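Each of the next two complexes has chain A plus one more chain, namely chain B in the first and chain C in the second.
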Partner chain A sequence: MAQQAGLTPDGSFALDWRAIKFSRGFVTVVLSTLVLLIVCSVFAPSAVSVGGLSGSLPFAAIIAIVGLGQMLVVQQGGFDLSLAGGVSLAVVITTHLSGGDDAQLFASILIAVGCAVVAGVVNGILVGVLRLNAIIATIGVNALMYGAVFAVAGGVPRSTTPLMAEIAGGKTLGLPNSVLFAVGVTLLVSFVLKLTVMGRRFEAIGANPQAAHAAGLPVRRYQATAYVCAQLLYCLAGVLISGITREPTAFQGDSLLLPSVAVVVLAGTSLLGGRGFPISTVIAAVFLNQLSQFALAVGVPFSAQTIIQALALVFGIGVYSVRWRRTAIPREKLSNSEETNNV
Partner chain B sequence: MPEVAPMNDMHAQTAVAAEVAPKIRLSGITKRFGGVTALSDVSVDIYPGEVHAILGENGAGKSTLMNIIAGVFRPTEGTVEFDGVTVNQITPEKAAALGVSVSYQHPAVLDDLSVLENLRVALPARVFQGGDPAAIARGMLADVGLDVDLHLRADALTVGQKHLLEIAKALATRPPVLILDEPTAALDQDATEMLFDRIRAVVAQGTAVIYITHRLAELRQIAHRVTVLRDGRHKGGALVRDVTDDDLMAMIVGRSLASAFPPKCADAAPPTNFAVAGLSGGAFHDVGFAVGRGQIIGIAGVEGNGQAQVMRALAGLEPWRGTVTLNGKTMTTAEVAEKSAYMPSDRHAEGIIADLTVRENATFSALDQLSRLGIMNRRAELAEVNRLFGSLAVKTPGLDAGILSLSGGNQQKVVMARALMSQPGFILANEPTQGVDVGARFEIYRILREVSQSGTPVIVNSSDAAELEGLCDIVIVLSRGHVAETLTGADVTEERIVAAAVKAQTHLADDPATPTNTRTKGGLRAFIQSDNATVAPLAVVIAALGLYVFSQNGNYFSAFNISNILLLATALGFIAMGQTIALLMGGIDLSVGPLAGFLVVVASFFINDGQSPQTIAVGFALMVSGALVVGSINGLLIRFANFTPIAATLAMYIGLQGMSFVLRDGPDGYINFAVMDFIGWKLGPIPVAFVVLVVVALVAEYVLRARRTGWQLRAVGSDEGAARRMGIRVDRVAVLGYIAVALCTALGAVMLMVQIGVGDPQQGVSYTLASITAVVLGGTSLRGGRGTFIGTVMGAILLTQVLNAVSFLGLSQTWQYLFQGVLILAAALIYSTARSQTKA
Partner chain C sequence: MSKTLTLSLSLAAMTLTTALTATTALAETPSWCGPKEASLALLDGFGGNSWRLVTTASGAEEAAKCPSITQYEYADGQGNTQKAISDINSMAARGITAMVVFGDAGPAVLPALTNAHKAGTIVVPYRVNVGGEEGVNYAKFIGSSFVEDGKSWGNWIKANLPDGGNVLFLSGPAGNSQGLDELAGMKEVLDDKYVFINPEPFAVTNWDPSLTQQVLSAEIAKNDKIDVIVSDFGPSLVGALPVFAEFKRSIPMLATSDGNSLSCFWEQNHAANPDFKLFTVATGNDNVRLAVQWAVALATDGVPPTDNIFKAPVYEDSVSGSPNPVTCRADLPGSIYLSAELADDAQAKAVGQ
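Our next item is the complex of A and B:
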């Protein structure tokens, strides 16, 4: 047990940067992505060409942003089905309320952000304070948000303002703007999660809310906050979609729900809550997107792509479930073995 | 002593028994959990016809030994023999088959099942044969003096009643081997006497009784032979009549270690720095004590007399009234919560965070001091952790090692480091040495003493009186939430502490095991508390909604519309019944929607116009076998590959959707009209298929309430650990459960096929969320263990009706979504409020 490997001569622990181990999720995701890119460059060069990438990367960016939102909720042991409604509502508000007029754009984006905050707070109160099951609460809120979607849009798609198309669909220094947004958001989430007091508490609460509560941390507030931050990210994704897609439909968010969960799981975040891996999540989004591109380029019918995604997901979970086994079972057995006096 | 005479008789029997072969022989048993050795080379023989006491402190390994005999744990080394035959790969079922019956210290009682169901699921069917099961069950309860309604849900029982129920279960099978683990912990004097009478009776019939306790007095009353464990080692064994109390004490406690306690506070009356007066809360009343600088105060008492609650209240985790004074300043509730540093007793549940590193575990409550403007200062964090780990002598392979790689003692030191790091006003150590090996134990005592000397008040709650004697300057003994005695100075001895706790205990005025209010009278109240309570309000809502829509639109009650609603509700109803099974097990199945759609697509290749009956039969067979395969994969992934239910069924969801699109890229393959006509056959406005749904739901409901299968299903969802200890084959039940989910979905798919009439890869997916909504409306809990198929069917009808009503009322799609959202949230909130109130 007491192999004091990291001990310096004066008996204290020094942080050896070389000794930092990358998480298993990071290694898995990066390796898989690299392998996929190499396979692509051999068998489907078009999928990794500049043209191909700049066409597909914006979609990877969208999946990355909603994936980060879903990750925050999953970290708190939750599950956010209202992602679909959140994205769709942001899409229809930016396209319909602005009415194609650039001058109205920012006002309508502000309204979208306001709606996102309200939806997040409702989710947060239902799950964090009223202790409803996350799935039930977010099914309900999702339905309410779709009600709002139809109230705004009436089910008719409409194209967005030229300014939005420029902001979301344009390029800066050769990179699609949406990708830059995704990079910015990733850096922000990583910074807050890993280097601030708030983020460290957030992860501790997600990993064991009981222990965090016993240590006096405001568990419910943090759990509720996860839903608000998630909705804000969905909102950003929705606004970007309204600029990228020519005529976004009212159901734009539906197709993002499963990929969002898939990238979170592939990146190694446990669905039981705990540590989050933002950078791995984003790479997983690139991986998932590239997988579709590859399948498309080699002529796999669109239909079969979801099967590939499912297999990738099973593979990903399989890799991590080995780790769960090692930690989860001893915990259960240890607590059985001790004659604890409190149940 | 009145027991003397009968005991001598028993000893005479024992002398005979000792010559017979042992019933159970444990040889060289060692059990390790990760890095912790719970048992080390323990050998014990258990003889029939006598009571064999296993004696030892908390953490000595008594429960681990018992769990090995009961088959819950497998020994790391050593062998277990029953009647001279070595038993390999022991499991709870195998142990039960060999005649081992266990009454657990923490009763394996399922809160979501009734008292009768608890008995029937845990006991073999033969016990209830040849008579009215209820009468037989009542007899079992009467045997242990438990008088409660058989149909009462077990969560309404008191702790004492649950213990009696546990004992009743253990006795009911008339087992050759009976293990009782601290059976009297929650029992009063009368119940204890009754239990001892029962034990004497079964021993007289030749049962081998293993009696686990840490009370010497009980041992004298009941046991013939004793084995003492200390720190997982065998410290001695003897016939009870041959051994004195002093010998036993020496074996249990190991007095030689007593000198290792740090010296106590030298000052007899130091200035008070922490005082509590008139502290009252849920389980304690008017508790008061004062600690001087350099003193450690201990809280003692028989388990469950409010000690833990006092600690939690002072930690700000439970509400309290009264005054708490720190260094002369009276603190508000918020200040108490902020100034306290609490070391929880259940380290794995509340003390450590298993997924985080040693460093993160040490700092997560003190991050504010290790940061600037909310941003972590890594250097400060490392310096602080290093400083504290140095002074606490924490042994760890590295600061970024996982916390579980440390021994129990070092984990506890990390918890202490965290408590100290937040620079607390006072420290609350709840069972600080539980699950800690001896060496680390004394280091923890030293640290607590140093903290106290440095001026930070230390309050220790411990169920180990010897520990309190060695560690504390003052000990208050709690009884039923009141301070029964305050011991100071030379009075702080193990004997005085135990005497005060036990004496107070015998003075209990009323009997905690038989409160008067648990007998429910009248069928209405029982119905309201039952799982089917939601049926009545749902029926009212369905009727009211129907009448309202009818008042707005006369066509609503047309035969066409009624049959339309019911037909739609039938498809949803079957799928939702499947979902109910998943939720009853505490799981969820997200793949039901795509599965239904996929099965319809499969059917659309076979069940067409012009196909031979054989081909059509093949189509149906493929639907069923497809469901079987999908259900098995879901179940196997969840039970044997450690997938969470969400992860497994989500992957299945995506995969099935893909399969549907592979088989058909658009709607094609029209379903045979004759088949559709047959399945859609109606009696008046009522589709026969709907009648079938109702019949299936009623049968399923009957199985759930009255058959072993149903009890097992609910047992797994209610408390998997307890279900496993009862010998239920949890994995098998769960896998079969997910197969049943898929088969119900296949029935739903047949109805879906009739509805859409064509193989369309896009259909079906929406049934996942709809099924969850219907189940929640019906009143099934997502926590597992509680649910109703009838409610689910009504939920499906209500949901279909709402969607249908929107178009009849001429409302837009907006309302369709809003109604759905409001409906599910309202139902979830109402049910969860109702449940929390019936529990309170």
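Our next item is the complex of A and C:
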């Protein structure tokens, strides 16, 4: 079931549709999103209008990309709090080092990627190799990255280059480019995770590191890799933000940390590690973003907006948990055996 | 006889020279700067954006005008209330004579300010209301008249939209007193013909460009007719205003605070957007100067300024060109404020560009 659920949404290998069973996380998040879209079209049609969507989808794409990064880490039983620093650093490097000059853009993006790799490797060594607690290690790295943000930008926002604004903020075939980036990244992550030997090992290690170690898999290396890949995704998100928001602040990553965890949980990835659900994560990002658009479009006071979002999250996770409890025992056993078989 | 004459002449010349020197010195030393030597500290609750960097540089420049200030210190709370409190305590413990405090955390810093005040430090909080009472918790509070800003915007809207219309008002975090005061100012001027289409009391943006963009696109999708946008942080709109193009609508009238990036945005886009008129009030970096003047006057026995409150002057009006037409300095960074007294190149240096 695990493999089929992961395979299904991109459809490329799903030959027999009747044999496919969707994961609970996928069903929950798709149903919630559909219900939300229906509610929107009745009570707040502007939130699902073409203009409304084209304004909000780029932000959904950003949440999706950082959510995928967080998912990779959560799959290894970890937690990455350096997301905020990672995104913010990519934003300030892209805006400040390029200095508004298109010719410098590529070099500055390369530097941002380089920094992301370094931060990811540091996280990976601290957590994967030295066995530090993930929360503590990534908080430390986050502080270091914010130090770098201040060193580069001094906290001052700066406008991005026209080329970056065109790449990240433009449209192709009527779709915002940032959405295309998110789709591309989702397909890549899904493919690697579900259809390559490396990806299958990655999930197996997340599900049961001891068993994977006994089977001779390089557990530490894979766990460390999760942090590097995650930082690369944060970096991509940061670079895109620098184009979508014309004059981004130096702290743009702060507001993304909670949504990144929320979408991972909503999509059904266990915080204890194991299987990941990239496509559900992306749909959860759309759900979360649409929810805030709904609250804005209805025009309720800010306090109510916050409460609506919190209630929807509790509801989403609640539905998922209740179903989990009813069927927990037999499925858990089944699921564990499957994870081992997948290796 | 001739000796006496020479002596008298030289005495007269000396007296004249001394008098002239004294006059020059008087002209250079402002009246708020007294003879008593003192030390001054500027304490920021959060120093990490261009507005604060320009403000900090303005505060330092103002303090430097007074030779009696022998020591000048600066501390940045970095948005951390604990650090802001500890900064206040440590400055008081070091025996600083006077401190000017941007109390971002509001009443949370009041106990620390009160302790410093009781220990004999001259404490002047400014711009953000920290609660408490003058003379009891601190020496003097130098507020900013956000109600005035609201009135200025209201008058301009009334003049340029005489038949009424839909107003969208954006401010910072939920419930911030600045936004509430500005709204009160606007409501004093605008009658029922002007409908506020945002959620009461204002659309919350946290002054974050990314959130502003999301809020604005939701509001544009929802409202077919937005006649004027009012925002108390103009430059944060620069990323959001192009959203109107997505809806094939002209950017509407805009009443806000100034910023070089916003002025340049207007210059590049007003031709393509026939309804795009711009009106700005000074963003208020010079509020700190008034607070420094008060602190220095109290610490050095100078003459305190007559103003107790900072009133941001009207800065740009694209319709009347008075007091200034919209001014874009493309050669300077977008994140400086041409309305500030600090020289343009000094601002560019302050923001590190």
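Following the convention adopted for this analysis, the second predicted complex is superposed on the first by the 297 of 343 C-alpha atoms of A that agree within 3 Å, B and C clash if a C-alpha of one lies under 4 Å from a C-alpha of the other, contacts with A are read in each partner's own complex, and residues count from 1 in each chain.
Here, a contact is a pair of C-beta atoms (placed from the backbone, for glycine too) under 8 Å apart; a residue touches a chain by one contact, two chains touch by 3 or more.
Remember, predicted model here, so these are calculated numbers, not experimental data.
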item	value
Touching partner for A:195 - first (chain B), second (chain C), both, neither	first
Which of chain B and chain C A:132 touches, first, second, both or neither	first
Partner chain in contact with A:52 - chain B first, chain C second, else both or neither	second
Which superposed partner A:231 touches (first chain B, second chain C, both, neither)	neither
Contacts of A:203 with chain B and chain C, given as first, second, both or neither	first
Partner chain(s) touched by A:301 [first = chain B, second = chain C, both, neither]	both
Partner with the higher number of touched chain A residues, chain C or chain B	B
First (chain B), second (chain C), both or neither touched by A:154	both
Touching partner for A:271 - first (chain B), second (chain C), both, neither	first
Contact residues common to both interfaces of chain A (with chain B and with chain C)	150, 154-155, 301-303, 305
In the complex, chain C residues that touch chain A	47-50, 52-53, 174, 198-200, 204, 208-211, 213-222, 235-236, 238-239, 242-243, 246-247, 261, 333-335, 351-353
Chain A - residues contacting chain B, complex	1-6, 11-15, 19-21, 79, 81, 126, 130-133, 135-137, 139-151, 154-155, 195-198, 200-201, 203-204, 207-208, 210-217, 258, 261-262, 265, 270-272, 274-275, 301-311, 313-314, 317-318, 321-322, 324-325, 327-328, 330-343
Residues of chain A that touch chain C when the two form their complex	44, 46-47, 49, 51-52, 54-56, 59, 150, 154-159, 169, 241, 244-252, 255, 292-293, 296-297, 299-303, 305
Complex interface listing, chain B residues touching chain A	31, 33-36, 38, 58-59, 62-64, 67, 72-73, 105-106, 182, 303, 308, 315-317, 337-338, 340, 342, 344-346, 348-356, 360, 363-365, 367-368, 371, 374-376, 378, 382, 385-386, 389-390, 395-400, 402, 404-408, 410, 418, 431, 434-435, 463, 588, 637, 641-644, 646-648, 650-655, 657-662, 665, 721, 761, 769, 772-773, 776, 782-783, 812-818, 820-822, 824-825, 828-829, 832
